[in-house]
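I'd like to ask you about the structure that follows.
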Amino acid sequence: MWIVLIFFLVVSLLPFVWLIMNSFRTNYELETAPLGLPSRLSFENYKSAIATANLPRLFLNSVLVSVGAVLLNIAVASLASFVFARETFKGRDTILTIITAGVLIPIISFMVPYFTMITRTHLYDTLTSLILVYAAINLPVSVSLITAFMKSIPKELEEAAIIDGCGFNARFTKIILPLARSGLATSATFCFIYAWNEFVMAMLFTSSESSRTLQLGIRFFTSQFITDYTGMFAAIVLSMLPTVLLYVFLHNKIISGLTAGAVKG
Amino acid sequence: MKRHNANRYWIALYLVPIVVLFGAFFVYPLFFNIYTSFMKWKGSSEMTWNNFANYSKLFSDDTFLLAIKNNVIWALSQGFIQVPLAALIALMLAREPKGWRVMRTVYFLPNVISTVAIAMVWVALYNPQYGFINAILKLFGGEPRNWLGDPSTALAAIILTTVIYVGYFMIIILAAVMDIPKELYEAAQIDGASTLQQELRITLPMVRGTMVTCMTLAMAYGMRHFESTWLMTGGGPAYSTTTMGIMLYLKMDALRYGEASAAGIVLIVLGSVVIVAIRKIMGNKDPMAEAAQ
Amino acid sequence: MRMTKIGRGFLVAAALLFVLPFAGFAQSGEIVLKWPCIWVGKDSKAPAIAEIVDNFNKANAGKIRVEIEPSNDYNAYEQKVRTAIMAGVAPGDIFTLKLNASTKEFYSSNLLMDFSKDLTGEWKNSFDQGALQQSIIGGKLKTLPIETAVLPIWYNGDLLKKAGVSKIPQTIDELWTAMDKLKAAGIYPSSQMSGDTNAWTSMIWFSWFATSFGGPDVWDKPFTDKAFVESAKLMKRLFNDYTTPDAIGASAGVSGGHFLAGRTAIFSNGPWYAGRADLRATSFFPSIVIAPVPPAGPHKNIIISRLQANIAAGETKDKARHDAIITFLKYLTSKNNMAKLAESSGSMLAVNSGYVPTDPLQKQFYDLVGKGYQTANDLEAALGAEATLEFTQQLSALALGKITPEQFCSLVEKKIDR
């Protein structure tokens, strides 16, 4: 068993080790010997990353967009999932299938209609446009996951609550939502990561610096015919750092807290 | 039941946000694409009716048919290799061996960073002259190969780089496994069941619903696959790694938007067919919910 | 209650976001022209463009202001321009695009301003007339040529010397001999690539071969023509015998990387590459020689050259805005500013600015153009995106011997939009 676990550990850590190592090298070193070690730790890339791209502002924008998208996505998805998982009504399965089928959609094919909508509603070049788009795109995945988690909550708990006098809303907020916390946290994580790393739509819907996100800043190091790979790596490492740290510290806590409290039966 | 009648109003209300958001960002664009797939739509926002010309052009293109085949391979690989691997890891971690929390964090780490970063790492690893893979191979006396530049290995090489990163599905399955009441395992332990038997008889049936959800998601991702292939080979060499998603993108690149829309519609229809078929074969029940009724 | 917390959180975030995007109101009466610009950051034209725009804004303070919006990723920028135009919106007041067989479709959109009426007299004459002609499609002039590019091959003089090649090959046989000598000296003769969407450096070689076999208008012939088949045979030879092992599927970064590292002796690219800091830092930089590919066929004295960047403007019915745009474009393309741009970036421009470069490498490019050869398009500019992509993809198959040169040509022919 340990062989398997260690193997996957190595595979998972490989990209990070490589990225970090190469962010300390120069492009020349990289092109001549892709797998070599840095001859000396060059912080040039990091300095230029922070200086040229105004990363702090972009970082803030990315945070706003990602957090906003997650809040909107989870709110909308959990409301709908509750109804899909715990209630029956005509057309329920059809609507649910349609929504989950949304995972199949290649989002790039939606660029023109999205662009049209965003410009017509005067949301072009705002962070709001990204929040809406990111929240919407992740609905199929979130709804799939949260519905699955909500479905597996035993009916007795709900029935007991009803007997105690819980109404529709209270059932949602007091019973089902708390018990589906693992599903909510997982979906929130996926949505956050998607929003944080997304580039294509961010490029499409924004133009001025006030609404630019971190991923666009990273691309600062590429331009027509010229690719400053090692500079880009430094920027990638910098943009990774907060998510990784956030993930390592927060997510672990959330999951631990959740699974400790799973009381059933 | 009296309860249902009174709740109809609330049910509808709870569905309003998702209907609005999903409607605007999925339904409207989908109809837009269906509409434009029947149009000749090139360098400007004007379109002219084109019947099924876009579709027949696609289906008479060998490259597109190859792309469909590649997508099916992707879907099956992700659904039937990546997800089971993820489940395997999840089952191991659920037993809480030493350092399992750290491992759980590390396994998900690659999913936290962007696909661009991972793709670039692997392009370097696969480099025929300086790559890590060939270096290791040489150590064991094997022949170095141009993994991404050879049509017979390129597709498998790229699929590998996706399939080994199981973190995404692993944490979903792990969360489901950890929701299983511990008492069941304790009872089985007392009855003398081995670990393997416990996993087969208790865990797997209980997470069946989650597994099917994961496999469905994985197959959907496979059918719409685009990014890492685009970054690593651009669909080549000789179209051997091209997917429908890539064809769509290339059509847009060439300003053939009507055909791009058609490609998108084909992708969605085919994807749905594949997924529905697999789900029917696998069954759709969630024993955990049933057991809890 | 959890729900209210979420709701509250969302409302706060939403409120913040609606407030945030307000950055800098234009003074009343001031016309603001937005330019989503790719000549920013590390691009070789960035410093000159920034200076030109700055000077313009100072000279027109309160009346016209040009705002550059940096777009650093060229592919994403192209995508944005495409998407916007297809959605019926101009990408900006001013924007650039590569004019080729695919993008000429944009001329049918009424989003782009037609410059025919405004481009007259001295302004008109300051442009290279050939480039101007190439920019007129269907009688309309909806873009102005800014940057042109001649696409020669580059020799690493030091490596040639090392291999015992004493002079630059003038005939195709001398080229093969030189390559054999390089090979014998343990040097990869040329950089080739069959990756990205246009197999850039190899596509250039192919264009030289094809036009020397079939003349500058060879692109009008069917791709199954003998000229193309012969060229395909030569490409196969280059890939199989005279390049690096990772050429198949290689991207432009890889192909250039080999040359920069001194691993390959012959490269192909445009004049902008001369402005790269990492190229200038190489030990062999002073020894670089630019030359045409020796003619493989009967047609001689042709050079491969294309329109590299054209500038366009968003059509507007507002006369004041229209005039503001024209004023800026006139300023940008004035002889002084173009000379400034040419000097600092190494790019070759479609405006006759009278600039004569002092940098020896840049001068080589100008000298080559100055020879007055007949110009011909490269494959990508002539045939458009889809055919080029097919060319690229099948080039791998050709190099690997999976298809014959004849099959290669007929596959590409299928994708040409005639």
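For reference, chains read A, B and C in written order, and residue numbers begin at 1 within each chain.
Just so we're on the same page, a residue touches a chain if its C-beta (ideal position, glycine included) is under 8 Å from a C-beta of that chain, and two chains touch if they have at least 3 such contacts.
Please read all numbers here as calculations on a predicted model, not as lab measurements.
Trainee: Counting C-beta pairs in contact, which chain pair has more, A-B or B-C?
Mentor: Result of the comparison of A-B and B-C: A-B.
Trainee: What is the chain whose Cα centre is as far as it gets from that of subunit B?
Mentor: Between subunit B and every other chain, the largest centroid distance is to C.
Trainee: Rounded to the nearest whole Å, what is the centre-to-centre distance of subunit B and subunit C, using the mean of the C-alpha atoms as each centre?
Mentor: 36
Trainee: As a quick test, compute the distance in whole Å between the mean CA positions of subunit A and subunit B.
Mentor: Those two chain centres are 16 Å apart.
Trainee: Considering subunit C alone, which of its residues make contact with at least two other chains?
Mentor: Answer for subunit C, listing residues that touch two or more other chains: 79, 86-88.
Trainee: Multi-chain contacts only, two chains or more: what residues does subunit B have there?
Mentor: In subunit B, 127, 252, 257 touch at least two other chains.
Trainee: Give me the residues of subunit A that touch two or more other chains.
Mentor: Subunit A, residues with two or more chain partners: 75, 111-113, 169, 172, 199, 229.
Trainee: Which part of subunit B faces subunit A closely enough to touch in the complex?
Mentor: Of all residues in subunit B, those touching subunit A are 3-4, 6-8, 10-11, 14-15, 17-18, 21-22, 24-26, 28-30, 32-33, 88-89, 92, 97, 101, 103-118, 120-121, 124-125, 127, 130-132, 135, 164-168, 171-172, 175-176, 178-179, 181, 183, 209-210, 213, 216-217, 220-221, 223-224, 226, 244-245, 248-249, 252, 257, 260-261, 263-264, 267-268, 271-272, 275, 286, 288-289, 292-293.
Trainee: Spell out the residues on subunit C that touch subunit A in their complex, using ranges where they run on.
Mentor: 1-3, 6-7, 9-10, 13-14, 16-18, 20-23, 34, 36, 38-44, 46, 69-74, 76-77, 79-80, 83-84, 86-89, 92, 252-253, 257, 260-261, 269, 272-273, 276, 278, 281
Trainee: Show me the residue ranges of subunit C that touch subunit B in the complex, using the header's touch definition.
Mentor: Residue list for subunit C touching subunit B: 78-79, 82, 85-88, 102-111, 194-197, 244-251, 384-386, 389, 392-394, 396-397, 400, 402.
Trainee: Tell me, which parts of subunit A touch subunit C in their complex?
Mentor: Within the complex, subunit A contacts subunit C at residues 27-28, 31-32, 52, 64, 67-68, 71-72, 74-75, 111-113, 115-116, 119, 125-128, 131, 169, 172-173, 177-178, 199-200, 203-204, 207-211, 216, 219-229.
Trainee: Can you check the complex and tell me which residues of subunit B touch subunit C?
Mentor: Its residues touching subunit C are 41-46, 63, 127-129, 146, 148-151, 154, 233-239, 250, 252-257.
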